[in-house]
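Got some structures for you, see below.
Shared between the two complexes below is chain A, which pairs with chain B and chain C, respectively.
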Partner chain A sequence: MSAMLLNKEKWPDFVEKLAGKTIWAPQGEEAEMRFAPVTEGEAPALEYGNTRVPPKQAVFPQTETMFRFQLGGEELEIPKLEEEAVLLGVRPCDARSMAIVDNLFSWDENDPYYFKHRELLTLVGLTCTEPGLNCFCTSVGGGPASKEGLDLLMTDLGDQYLLEAITEKGEALLKAAGEVLEDAGDEQIKEKERLTEEAAANIKRNVNPDGIPEGLPGLWEDPLWQRVSASCLGCGTCTYLCPTCHCFDIQDEVEGFSARRCRTWDSCMFNEYTMHTSGHNPRPSRRERTRNRINHKYSYYVDKFDVIACVGCGRCINLCPVNIDIVDILRQVKEAL
Partner chain B sequence: MDLDKLRETAAEVAARDDVKYLIGWEKGSYGYRVAPAFAEDADGTADMIFSPLCTANLATYLTLVEKLPLPRGQEPDNRKVALMVKGCDSRAVAQLLVEKGIHRDEVVVIGCPCPGMVDPALLSEKYPETEEIAELKWSDDGFIIVRNGEETAVPREELLAEKCRLCRYPNPVVSDIMLDEPVESWEPAEDEEVTEIEGKEVEGRWDYWQQEFSNCIRCYSCRNVCPLCYCQDCILDRINPSWVFRSVNFSENTAFNIARAFHLAGRCIECGECERVCPANIPLGKINRKLAREVRDKYGFEPGLDPESEPFQASYKPDDPEDFIL
Partner chain C sequence: MKTNENPYIPYYATVEDTWFETGGERAIKTFKVVFDDEEVRKNWNHRPGQCAMIGILGVGESMISISCSPTEGDFLRFSVMRMGKVTQALHQLEAGDKMTVRGPYGNSFPLEEWEGKHVITIGGGIGQAPMRPVVEYVKANYQKYDGLTMIYGARTSGDLCFKGEFEAMAQNEDLSCHLTIDIEEEQWDHNVGFVPQVLLDVKPSPDNTIAVTCGPPIMIRFVLENLKKLGFEDDQIYTTLENRMKCGIGKCGRCNAGNMYVCKDGPVFNYAALKEIPEAFS
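And now, the complex of A and B:
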């Protein structure tokens, strides 16, 4: 796969080469908040830490219409997904989360909605040179320049970006933008490696997950769950802002005679998440729900798909209203083992 | 505040036979974070603090607790819950008492007269958070940030939380034990943010809230953190019938936000927790304060001041104004 250079002055020209695709990027005043389709004439910003809301919404929207129907009718109208999109400046942790979640959505059947979005999406990543306060990607198999899940990786080298194609999609993108690019040499690759190492060294938080996946089942009734969940408010912040959390609910929404079936994000931190019709709830309190969140990421998923379902982006730590800190919980888990 | 005295008092209360556990604040896991702490015995109170970072309103835990079915033959633990409260938090306790959400003999209230909290977002913006645990203290005219043994003095106005600028009740209105002498109240600032929105045309207001509510991700942290959002069966969790759809769009988000705000009219005690916890930075305090202003101006009523009073919505006076009823 090839590596090219893009002079920053030619950034708008490069973006122009993506014409025909919807470009998702952090932009404007809301840049800190989320990735959103770029409005015409506005240059996508790349100088941001990471968005609060992960870009998983590009492949797993918070609300997805599965089909529409009329009450009493027999026709199902299935929305056509055909718009190609580019996620521009996605962080390696978030791209990696998609590679991880692919396992789930292709487990028994390929989820048609998820994979259609995936197929139409090109992921253009940006190497992290300034890790955030609660980043711990290097503890869970990622890194500031991890290529997993990405089609193309950009690295900010000061006046220019280094562009490395990772997949055929990425290669095609480089080809399409060929005229605004120059060939990259070993020097730039080395510089990128230096920046990556520097960034990795700047990651302050860490936990060694060795032994956690195998050990968690034995801690089922450990008092640590009561301790770490005591202050939990039971809100959906940690799960909704998690790039790998993928639980959903399916509901029919009826207005008059028109209806649609849609799938929306769900959260294991909500009381009604596993509530049975009978009123019985197998996870009746925040203790069981917190235990589930950690077990799902660090035990069940590993058991099933051989990968930890946490990319160490730190969002759940940054934004928990009551300082429930997954790194801290994992340390307590290790102590209890 | 004298932390030794705080810990000594907390230890005494937590050790009491009639107290199940005590809820206070502790330093968090990094940076400026402070975490709610639950102590079942005297030992659990050894690290408790009260500082300008103790924004969390612990009164929410009084109603958040899950009452699980007990194994046959097991008696419920009906001992008291002790908690530390600032002025605003104590108003939540008072309002819960008014609504009979809790009973007076179920709680031990430890009052912390409050010189004002910092705005955590403002603090991190001006003095970026690092992984080292930092402390904040009050000085005579502001705050002192203590990090790695170094002290930085910051003027009060620079970091004071908006809700504290507007605060009229810094001293607890309900308490069993007071940890310190009452603080001197300050002249509350004018609520210019609410006035500014009131001054906009209807369309301008609509545009403003459309923008804000569109950002809502429906995590319900505002509802869950609110000490006065404690319905057993919340309208938002209902599926059949579904009053507010799960789908996230401006229409449903607005329905949710309006329902939340209206259910707090005449009840919100302005602790500002909803706004603090919102991951989408929606200025929820403005909505709540607007409703509080209406209730105050129209009815001369303020919630959460007198535990013996009647709830605003359930009381009637022959001279209630009617001039706004069509």
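And now, the complex of A and C:
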């Protein structure tokens, strides 16, 4: 796979070469940054920490129409997904989350919507050179320049970007850019490695997950679950904005005689999530829901797919309104083991 | 319509016959349905214990036990308690109306493994719905099994499902059928008392026997306790769980009990495995 250089001045030319594909890039004010399609001529803003809303919305939209129909009719119209897209400036943790969630959406049978989006999408990553306060990717198998899930990785070297192809899709993108790019040399690769090491050293939060997946089920009745969930408001932010959270609800929406069946993000932190129609709820309080959230990410998912369903992006810590901190929870788990 | 590529697209099925099993606010209505598409009908292949997502377009879907055995014919049966939005709407359906069906989902009772053994089903209330296909399957293949015992109870005689079928069963020598209601009623000449107690009174031998149970959680708890008292080993006992579900194919996330998805790893669980799952009886 090749490595190329893009002079920052040539950025508009590079973007132009992606014509025909919808380009998604981080947009909005810092507090509410999310990936959204870039309007023509606009330069994507890549000077950012991490988006508030993870790019999972490109493959797993917050609301997705599964099919449309007319009440009383039998014809089901399945939306055709055919728009190719490029996600520019994805943080390696977020790209890794897609590789992790692929396991679930392909478990025994493929989720057709998710994989159609995946197939149409090229993921262009951006090496983290300045990790955030609550980043802990290096604790859970990731890193500032992790390539997992990415097609192409960009690294900001000051005046230029180093572009490293990771997959055929990434290679194709470099080829399409053609003369806009120059060949990269060892010097630039070394500089990238230096920046990555420096960034990794700047990640201040960490927890060693060894022993957690096997140990968690044994802590079922441990008082720690009461402790760590006592302040939870059940707002669901930790799961909505988690790049690996993939739970959804399915609902029918009717307007006049036109209707659609759609799926929407859901959260295991909500009471209604597991409540039976009888009113019985197998997870009646936030203690059980928090316990499930941590078990799901750090134990059940490991059982099923051999990987932790957390990439250490820090969103759930940064955005929790009552400062519930997953690293802190994991440390308490370790102590209780 | 062919749906192999998209597991979320349902098949259409027409209600051939429907009747009420019980009355009242939470009535149970049974639907006998047949797939509209002949190919779907031919290819559909469910096993006792499996479930299906049934629904009405514009309202939604619910996961319901398939309450017939494939040995009964090319149709499906669902016994649905009127509980929420979808089941309310399903209750409006009459013969000739359409519902949507997708599935079959989940694992099933390992009936081939049980060949040569005696099978005892212990059901309570609507929990008899997943027991019924086991009963029907064993009846249809009774020469392969060492007999069948059925224990079934409900609060009152009016709350018992599948009543019409029990009399015929009582006349079959290979079957032993024990009905019970919680409270004494006039003209009731079967047992009176809770299902777990009737189980103790019937006193089945654990030798070469498999016990299957489904019902309200409190009933299951005491049935398990009493089966142990009777000398049953954990791996001789099976039950079937339910949880809220949306997709049926292990994607939507909500039906897990511990690390098991009820829709895929269940709904049928052997008690030896189930008792290791901390959330199983929550």
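Here is the rule we go by: the second predicted complex is superposed on the first by the 332 of 337 C-alpha atoms of A that agree within 3 Å, B and C clash if a C-alpha of one lies under 4 Å from a C-alpha of the other, contacts with A are read in each partner's own complex, and residues count from 1 in each chain.
The criterion applied here is as follows: a residue touches a chain if its C-beta (ideal position, glycine included) is under 8 Å from a C-beta of that chain, and two chains touch if they have at least 3 such contacts.
This structure is a prediction, so every number in the text was calculated from the model and none was measured.
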Record, for the superposition on chain A, whether partners chain B and chain C clash or fit. fit
Using the touch definition from the top, say if A:321 reaches chain B (first), chain C (second), both or neither. first
Just chain B (first), just chain C (second), both, or neither: which does A:251 touch? both
With the two structures laid over each other on chain A, which partner does A:17 touch: chain B (first), chain C (second), both, or neither? neither
Using the touch definition from the top, say if A:297 reaches chain B (first), chain C (second), both or neither. neither
Answer with first, second, both or neither: which of chain B and chain C does A:147 touch in the superposed model? neither
State whether A:117 touches chain B only (first), chain C only (second), both chains, or neither. neither
Which value in Å is the smallest Cα separation between chain B and chain C when the structures are fitted on chain A? 5
Shared contact residues on chain A - chain B and chain C: 249, 251
Sites on chain A touched by chain B in the complex: 30, 33, 52-53, 62-63, 133-134, 204-205, 230-231, 233-237, 240-241, 249, 251, 253, 262, 264-265, 267, 270-272, 284-286, 319, 321-325, 327-328
Along chain A, where are the residues that touch chain C in the complex? 66-67, 69, 71, 74, 76, 78, 104-105, 107-109, 111-112, 217, 220, 246-252, 254, 259, 261, 263, 266, 268, 273-278, 280, 282-283, 288, 292, 295-296, 299-300, 303-304
Could you list, by residue number, the parts of chain B that touch chain A in their complex? 28-31, 33-38, 56, 60-61, 64, 66, 68, 129-131, 215, 217-221, 223-225, 237, 239, 242, 245-249, 273, 276-277, 279-281
Chain A-touching residues of chain C, taken from the complex the two chains share: 1, 5-9, 12, 57-61, 83-84, 87, 98, 217, 242-244, 246-247, 249-254, 256-259, 264, 278-279, 282
